[in-house]
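Below: a set of structures, written as structure tokens.
In what follows, subunit A forms one complex with subunit B and a second complex with subunit C.
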Partner chain A sequence: MTSIPVIETKDLSKSYGHVEAVRSLNFSVKPHQITAFLGLNGAGKSTTIRMLLGMIRPNSGHGFVLGHRIDDAHESVSLRRKVAYVSENKQLYDYMTVEQIIRFTRPFYPDWSRAREQVLLGAYELPPNRRIRSLSKGMRTKLALLLALARKPELLILDEPSEGLDPIGIELMLTSLVEQNSEGTTVFFSSHQIPEVERVADHICLLHRGSLVLDASLDDIRQSYRQIDLVFPSPPDESDIRLAGVESIRASGRQMSVLVSRNAEMLIERAHALHASSVEVSPIGLREIFLQTVKGC
Partner chain B sequence: MTSTIILLYVYTSTVIPMLFKLNQSAGQPLYLQLMQQIRHAVESGALQHGDQLPGIRTLAEELVISPTTVAKAYSELEHDGLLELRQGSGAFISVKRRAQGEMQRVHQAGRQVRRLINELRESGIQENEIRRIFEAELLYPAEVLSKR
Partner chain C sequence: MLWYKAWLETRSRFLIALVGCLALCPRLVVNFVKNGAPSQPGQVLHATHEILAVVWLVAVTLLMMGGLVREKGIGSSSFTLSLPVSRLRLMSTRVGVGIIEAILLAVLPWIAMLFTAKVAGNMHFISQAGYHILLLLGGGIFFLAASFLISSLVEGEYTAPTVSFGAITMFAYVLSDAKLRPYSPWAFMLGSDYFRWRTSQFITPMPWIPAAAFVGIAVLLTMIAIHVVQRRDF
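Moving on, here comes the complex of A and B:
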């Protein structure tokens, strides 16, 4: 198994007029993993994805996808052959039927799997003769997914894939991602839906206002991120508590609630040294980390 | 707190319905939760020597979790000698004599915990308070405990 990153960016930036959509972004995606690209609406997720695919050009910085430069028009062609992309708005030819667009798309990709196509057509309950124009939002998403998955790509990039899907549709989509990943495809998907990210992702990249604010594996998050609730007879100065690994502190009267990303043991020792009358450690979910990180920025 | 309960059927002659309960907010990586549950199934006798577990891919799809998570749990269990991974044919439970010694230690630990809980109950401490104390103590990092 190679460990050369499938996606890598160096100081990638993009502005629209005075608005800095992506600021000096440095991140990488490991092969064969499922990486979630989290962030609020407007955080810069779609802009980043569109830069990675060579659809828009960065103002500065570099990026590589499967070893290809993202800002080189020639490399962009071979890159798009290896990468399947499901866009946010799932734009498809409206006048075609489901069957027609599948037949139209198929010859572009030598690795296209007819078997996979048929399995997904059945699983997603897509009506072959229906025109795309008259499909519901959820069905369009499923069709876009089918067109991406039947290609058996090296890398699958999805922009908000669960948008417009009902709970069963989300379950089907997640199962498809897992299936695809177990065949060796690296998966990179953007989302603001914590529960789905929490279930399938190996790694999280959290984008806020165009900057990367969290880059961690979910195993590390579950293992090392803790909320430590402290009670002090007389509250100490926040600077006494702000050790390495402390991400945020909320104080209220004699109580203090601290979010740490590592070094929980050091903080506990410090709390005892500061005569804390109660020290409680609890795990912290991705939702709280997401909210506190985004609020603290 | 969200947890997923999925009934899993193992598709072999030794068909064993296996119940996995993954808790997304337990403060513990999912691969460790899987490992513990498989280990517990062996300790309780639900899984026995030679029983087959589903392949990495099948289990990942059933539980809708990353295949990397299942692969990590399986390979750690293999390293511990509790699982034997055979190329192409899946994962088999392997209970060696050393592992049986381990099982006895776990049974012993179970008895100790039961005694302690009984004592605490008799001293009038509420059950939910006992649970809270246990959970809080387990989350206490080991480094601090050894210095206490």
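Moving on, here comes the complex of A and C:
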């Protein structure tokens, strides 16, 4: 199994006027994994994805997808042949029918599977002769997913894929992602939905205000991340407990809630040294990590 | 398949325009013949050509609306740009389909006009029809390219056609001045400067040089549009 990253960015940045949408982003996506790209609205997830696919030109930095430079128009065409993508808004051509857009999309991709297309068409209950403009949002999302999942791409990039789907649709989509991944496709998807991320993702990249604030495997997060709640007789200086591995600190009066990714024991020792009257260590879920990390930044 | 997409995208507008031209132009020929004014066969067809030019210009302007910038407005540009094709190819296909539709919108109504004129006993030379069509397309290509450029600069489903019609009207008005008229693509399309009403004949051979100049400007405008879209963020 090769370990060359499927996606790799080096100091990738994008600004709109004075607003920095993506700031010196360095991250990589390993092959054959399902990587979730988490972040609040406006964190820079979609901008990053669009830069990866050549829709937006970065202001600075470099990016590679499947070994192709993202800022080279010629290479971008080659990489898009190997990548399946579902955009955030799932907007397709309103003037086409379901059948017409499938017929239109199919010839662009040598990895298109007619058999898979038919399975998905049946599973998603998409009416072939219906115009896209008359489809519901959920149906449009299913159609956008079909156009990506009917292939066997090297990389599948999905921007908020479950948005607009009902629970059955979400289940079908997640099952398809896992199936695709088991057949060798690397999956990279952005989402707000922590439960679905926890269900399928191997690796988490958390983006906040255009910067990467968490890059870890879900197993590492489960094993290493801890929340330590501390109570002090008098509040200590935050710098006293900001040790290596402390990801965020929330202070409220004499209480402190600290998120650590490692060195929990060392922090507990330091808390006792600072005369903490109460030290409680608890495992922490991705949801709490997400909330604490973005609030603590 | 990009041709298929471009055709489906413009099909309704094109067919409405074509049916409109095919219904209007022969009807005008019949009316002119019935009323006896203009009196000469060549005049009948030239007068109809002037009305066809107006309809053609409106139709072609609307046909050239669309493309990636409009798709950005409605949200489908992400899907288009995820396809493994270059922006140059996407835009070239749109221009190609636009040119074919523009040619059909010039040629088919003229065939209908000639046929109607013949049925009505009003003879006309095919060479004169060819001359009119070349004038229409020679000057019209400028407006086709201008509309393409505006649709590549201006976002919005209604903003782009509004700006296009505004620009075309202003352009035609400014160049209607007697001194500037030789440089007007609109005057060229109408062909009034080359047509002598008294004899119902064109007084010069086909003016290839101005036609080539308008085509050259159209190519330049198209290249600017492609350059703009290639550098744009979507």
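By definition in this document, the second predicted complex is superposed on the first by the 267 of 297 C-alpha atoms of A that agree within 3 Å, B and C clash if a C-alpha of one lies under 4 Å from a C-alpha of the other, contacts with A are read in each partner's own complex, and residues count from 1 in each chain.
Assume a contact is a pair of C-beta atoms (placed from the backbone, for glycine too) under 8 Å apart; a residue touches a chain by one contact, two chains touch by 3 or more.
Here the structure is a predicted model, which is why all the values come from computation and not from measurement.
Per the definitions stated earlier, placing subunit B and subunit C onto a shared subunit A by superposition produces no clash, and the two fit side by side.
When the two complexes are overlaid on their common chain A, residue A:252 makes contact with neither subunit B nor subunit C. Contacts of A:201 after superposition on the shared chain: subunit B is touched, whereas subunit C is not. By the touch criterion defined above, A:178 reaches subunit B but does not reach subunit C. Of the two partner chains, subunit C is the only one touched by A:92; subunit B is not. With both structures placed on the common chain, the touch criterion links A:41 to neither subunit B nor subunit C.
Looking at the shared chain after the overlay, A:77 reaches subunit C, while subunit B stays out of its contact range. With chain A used as the common frame, the shortest Cα distance separating subunit B from subunit C works out to 26 Å.
Within the complex formed with subunit B, the subunit A residues making contact are 32-34, 171, 174-175, 178-179, 181-182, 195, 198-202, 218-219, 222-223, 225-226, 264-265, 268-269, 280-286. Considering their complex, residues 2, 4, 24-31, 56-57, 60-61, 64-69, 136, 139-141, 143-144, 147 of subunit B touch subunit A. Those residues of subunit C that touch subunit A in the complex are listed here as 1, 4-5, 8-9, 11-12, 74-79, 81-87, 230-231, 233-234.
Across the interface of their complex, subunit C is touched by residues 50, 53-57, 73-74, 77-78, 80-81, 83, 85, 87-89, 91-96, 100, 103-105, 107-109, 144, 147 of subunit A.
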